[in-house]
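What follows is subunit A paired twice: with subunit B in the first complex and subunit C in the second.
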Partner chain A sequence: MIAEIGLACLWLAAALAVLQMVSGAMALRGAADGAINPMAIYARPAAVVQAGLAVLAFAMLLWAFAITDLSIKLVATNSHSMKPLIYKLTGTWGNHEGSMLLWVGVLALSGGLLAGFERRLPERTMGAALGVQGFVALGFYAFLLFSSNPFERLPVPAVEGVGLNPLLQDIGLAIHPPTLYAGYVGLSVAFSLAMGALLTREVNPAFARVMRPWVLGAWVLLTLGITAGSYWAYYELGWGGWWFWDPVENASLMPWLAATALMHSVSVLAARDALRTWTIMLGVLAFSMSMLGTFLVRSGVLTSVHAFAVDPERGAFILALLGLYIGGAFAIFALRAGAVAEGQRFAVTSREGALVFNNVMLSAILAIVLMGTLYPLLTEAFDVRVSVGPPYFNPASAIFAVPMFVVMAIGPLLRWKADTPARVQFELTLVAAVLIAVIALVSFFGQFPLLPLLGLGLAAALAVAALLPLRGRRLARVPTATWGMVLAHFGVAVSLFGMACEGAFTQERLAAIAPGATEDVGDFAVTLESVTPVAGPNWTAIEARLAVRQGGGEPAILTPQARNFWSPPQATSESALLTRWNGQLYAVIGNQNEDGRWQIRVWWKPFVTFIWYGGMLIALGGLLAIAGRVRVDVRRRKAARLGRARRADLAALGGAAPAPAE
Partner chain B sequence: MRSSVWLWVPLALFAFFAGLAAYMLTQEKDQFVESTMIGQPLPDFALKPAFADLPGAGRGDFVGGGPRLLNIWASWCLPCIAEAPQLEALQDAGAEIVGIAIRDRPEDVAAFLARHGNPYVRIGADDISEVQLAIGSSGVPETFVIDAEGVIRYQHIGDIRADDVPMLLDQLEKAR
Partner chain C sequence: MKAKHQRLALVIAALVAIVAAGLIAAWTLRNQANYFYLPEQMAATPPAVGQAVRLGGMVRPGSLATEADGVTVNFMVTGNTRDAIPVRYSGILPDLFVEGSGVVAEGSLRADGVFIATNLLAKHDENYVPKELEGMGADRAAKVAADTTIGLAP
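And now, the complex of A and B:
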């Protein structure tokens, strides 16, 4: 029954998506006399009920995985009755169909939330946005129902499941994909709103204020998802790196870059009524990048460590959806954007000017990543196989990232509309001095590669600059949203510091040692005490016991493992980490040599944890910004309501009503 | 005033990508990476016999005559048992097969051949995987097609399945 309820929910939700699409489109018609088309009132309830149905469908699949219902094909091929419950549950989205259902569930939920809570937009724009949202959802329902049905039954129930890929049997799977998906698909709201505003040509600050919390919310989730994913790859793969420029990592980075640019440009639109076309463009681009990522991951056109079981037919289906949505959106953009009235103008040296510069830099980095990701696809069309890696991505993105960080340090200090460098002379001098001093100091102590060196200098300068907008202000009166910006920018500095330290100061030791022997790495003396077999619920492993001593005192014990899972059979390397405030010791056990010694690989990575602390600070800054904006908005609406009530009272008393303040 | 031509750029870029992706989706996805040893001459080697009844193998044994198969195998390797019938079939079809036994003992080699048949004309003993590594093989079994000049023309990784036999005969023909 569970599967049938889930499937029925999906079909019903798809039907409601049709209603939402048609009813939303009706909002655009028959508004000549200013009245709302009576057909348009169904869009909101359709979106809300559709969200409930999609969530219910996902809950049904979750339930089927929890009880390991082996009559469902997806459960039989991806789960196992002997797996710990948490991995049974997370296994729901550890496969193509289940993760697609999660994707669609979040898509419907975002649409439902938009329909349920957003009352500030004109109904025409809102109707158009909901119509677009329904249109997008419909395509993905069709994809699930016709090509990736998660509820498909087996003719004969399986005796036992195949099990989940051991690399995914980790708590990381519980956090990373749902957060990331919520971020990806949360951007669909920005997409729908942008399309809605483009169709009705109502691109104005009021629209930007409606769009902003959605963009911020999706961006916070993306930031958290990428941060979690990076840490997960770092400790789970056992390769010691935190970012591999893998196509799937890039697929998550590209929407983040677009969303970062969008978030800043929508703020300019809200505050200054400038950058209208550009904001719409980014709104379309951000979700397009999410969909493009879905295509790259699931079609198998690119080779990646993350690849799902690939299927060209599914790839063709998603490509058709991409053509419909991205192609359609860009076509409407090309036809309509010229008709959107130009926004306010501003000087080059102004807050807007700095934001535009960084928007262009972010877009350039996005283009660099996109080209690097798609380049193998292009060359393979001519039968040349290439792999694009850090030697391209690092310097190419740095060309744009370095000026971006410089402008990011200065931008928040500038005034809106027009400003002069002379006004912020002190701040400029301070930031430049910190930058040069740090680079000089670090170069004095040793020879380091250029990029980490620049990174260290920029991180220090940015950290100082991030706090400068607070200078000379009464801290208690600084708006919450400004605190959010300060925190997020400071987080970027922290993260950059971690990346630069990891790049410049990492020490690595690869040695074959016998039990009892000691190796030195950094300040640490690592002794291999023993190598013993251990067993877990669905794996056996060889576990090394490493005693780590720093100076004198009690040793810390690290236990890296080489694990062998038996269903499905696969070997994984479980790294062991020793976290100190100033870095991490990372240990992996390798094979045994013929002479009985064990290969042990140990890294000392100074301040590597700052990469992820920074990521969390950035996300926290985003949360503060949302909280601040929502609070201001609630207050403003309350004041407007009180004002209206007072005017109504005055009118009732027969007095002259004062003009509304807004 | 903004030029409206610019507004079409995103659509044009996307159309290019969509066309490329659609083309690539229809292409056979070839995950196979060809060894850089293909087209290279065999390295110089001379291996002692792996057991008493057959001569050992060296680079010189591949020069002259027709193309040959070079089979990397070992008596301790289970997939090698699985591919034994296919090697027989290749031999019956006229292929000349030179074996290289990896890290093996003469008595084990003899026992293996007695049980699973002997398709080889000569077998060299590579006790330290020296030749195996030099020709770009990382495991057992692997089978190379070597032309009459002693140049590597094709590499088959893994055991030879029944449907690989015509393909290998075809490769031998091409190397002629």
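And now, the complex of A and C:
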């Protein structure tokens, strides 16, 4: 019954998406006397009920995985009755169909939240936005129902499940995909709102204030998802790297870049009523990148741990959806953008100017990443096989990232509308001095590659610059949203510092040693004490005991493993990490040579953890910004309500009503 | 400057930056894209010394030798013809890397014709078949796909 209930929920939700789409479109027409079209009132309830149904469908699949219902094809091919419960549950989205159902569930849920709680926009704009949201959802319902039905039954129930890829049997999987998906799909709301505003020509600060929390929320989730994914790849793959420029990583990075640009541009629109069409364009671009990411990851055009199944029909389906939505959105944009009135003007040296510059730099980096990601797919059409890696991505994106970081240091110090460099002379000198001093100091002590060197200098300069907006202000009176900006910018500096240190100072030791022997890496002495076989619930492994001594102190014990899973049969390398405040020691064990020695590989990575601390700071900054904005918004609405009540009282008393202040 | 002119200036500035990004990307891709070679291709038209490329083929049985340090291996990679490329790799071998199996090696050619691999791609799951091995001839590709390498793209 579970599968049938889930499937019925999906069909009903798809039907409601049609209603939402039609009813939303009706809102655009308006009734004869300018009132709301009576057909338009169904969009909101349709979105809310649809959210409930889609979430229920996902819950049904979760339940099927929890009890390992082997009559469902998806469960039989992806789960196993002997798996620990937590991995049974996370296995729900560790496969193509389940993850698409999660995608659609989050899409419907965010549409429902928008419909249920957002009352500030004009009804016409809201209707149009909900209509677009319904249209997007409908496409993905069709994709699920026609080409990847998660609830398909087997004619004869399987005796036992096949199991889940062991690389995915990890707690990282529990958080990484749902966070990223929520971020991807949160951008769909920004997209729908942007299209709604474009269709009704209501691109103004009020609209930007509605859109901002959605963009910020999606951006925070994307930041967390990318940070978690990077750490997961770092410790799970056992290669010691934290970013591989894998197409799938790029697929999550591209929406993040677009969302970062959008978030800043929407702030300009909210605060200064400038950058109207640019904001709309970025809104369309950000969700387009989300969908492109979904296409790249889920269509099977890539060979990777993320590409669950290679099925050309699905790829073609997603590609068609992609073409329809992105093409349609940009066509409407091209037709309507000219009709949006120009916003306020600003000088080149102003905060808007700096934000525009960095928006363009972010878009350029996005273009670089996009080209590098799509190039191998393109050449394959001509039967030339290439792969594109760090030698392309690092220098090409640095060309735009370096000026971006410089402007990012200065931008928040400038005033809105117009400013002169002379006013911020002291700050400029300080930031430049820090930049030059750090680069000079580091290159004095050793020879390092250019990019990590620049990264160290920029990180220091940015860390100082991030705190400068607080200078001369009463800290208790600084708005929460400003704290958010300071924290997020500081987080970028922290993260950059971690990346640069990892690039410049990592030490590696690769050796074959017999038990009892000692190798040195950094100022650590690593002794291989023993190698023993161990067993887990669904794997066996050989485990090395490494005693790590720093100076003369007590040794810390590290136990890297080489694991063999038996369902499905697959081997993985489990790294062992020793975390210190100033870095991590990373150890993996390899094979045994014929002479009995074991291969071990140990890295000392100074400050590598700062990469992820920085990511978390950035996300925390985003959260503070949301909290600050929402609080101000609530307060403003309360003041407006009190003002209205007071004026109504005065009017009732017969006195002349004072002009509204807000 | 009127609002309209400012918008035009912004659009032009953005376009210039994006086009510049595109040109830089195209130029860098030409130089830095990592081409895939079969052993016979590498023997016929070797890539420039030091250029990052990928080499895919079979590990010739009997050619795998470990050096005294215990972590450096040398082996020959063969393709559809009799050409064989010597490969040298320092590191932990992928779990299912054995003689006779398929392999994709990332690295570059040294001046003496030895391919210095920085990374060997290893089989993690038979569901993930590398596109690189599709061009190996029908019989061998089927064999390779069925019982050998790869997956996890770096």
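By our rule, the second predicted complex is superposed on the first by the 656 of 662 C-alpha atoms of A that agree within 3 Å, B and C clash if a C-alpha of one lies under 4 Å from a C-alpha of the other, contacts with A are read in each partner's own complex, and residues count from 1 in each chain.
Following the convention adopted for this analysis, a residue touches a chain if its C-beta (ideal position, glycine included) is under 8 Å from a C-beta of that chain, and two chains touch if they have at least 3 such contacts.
Predicted model, so just to flag it, every value in this text is computed and none were measured.
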Scan A:372 for contacts with subunit B and subunit C and give back first, second, both or neither. second
Q: Kindly classify A:277 by the partners it touches after superposition: subunit B alone (first), subunit C alone (second), both, or neither?
A: both
Of the partners subunit B and subunit C, which touch A:470 in the superposed model: first, second, both, neither?
neither
Counting residues of subunit A touched by each of subunit B and subunit C, the higher count belongs to C
Applying the touch criterion given at the start, work out whether A:330 contacts subunit B, subunit C, both or neither, answering first, second, both or neither.
first
(request) Tell me which partner A:338 touches in the superposition: subunit B (first), subunit C (second), both or neither. (result) first
> Looking at the overlay, does A:651 come into contact with subunit B only (first), subunit C only (second), both, or neither?
Replying inline: neither
(Q) Looking at A:385 after the superposition, I want to know if it touches subunit B, subunit C, both of them or none. Which is it: first, second, both, neither? (A) both
Let me test your reading of the model: by the given contact rule, A:319 touches which partner, first (subunit B), second (subunit C), both or neither? first
So the subunit A residues that subunit B and subunit C both touch are 277, 303, 310, 342, 380, 385
Contacts from subunit A onto subunit C in the complex sit at residues 165, 167, 237, 239, 244, 246-247, 277-278, 302-305, 307, 309-310, 342-346, 356, 360-361, 363-365, 367-368, 371-372, 375-376, 379-380, 384-389, 391-392, 395-396, 399-400, 510-513, 562, 568, 570-573, 588, 590-591, 593-595, 597, 599, 601
The residues of subunit A that touch subunit B in their complex are 277, 281, 284-285, 288, 295, 299-301, 303, 310, 312, 315-316, 319, 322-323, 326-327, 330-331, 333-334, 337-338, 342, 374, 377-378, 380-381, 385
Seen from subunit C, its contact residues with subunit A in the complex are 1, 3-4, 6-7, 10, 13-14, 17-18, 20-22, 24-26, 28-29, 32-36, 52, 54, 66, 69-71, 90-93, 95-96, 106, 124-125, 127-132, 135, 150-154
Listed in rising order, the residues of subunit B that touch subunit A in the complex are 2, 4, 7-8, 10-11, 14-15, 17-18, 20-27, 29, 31, 33
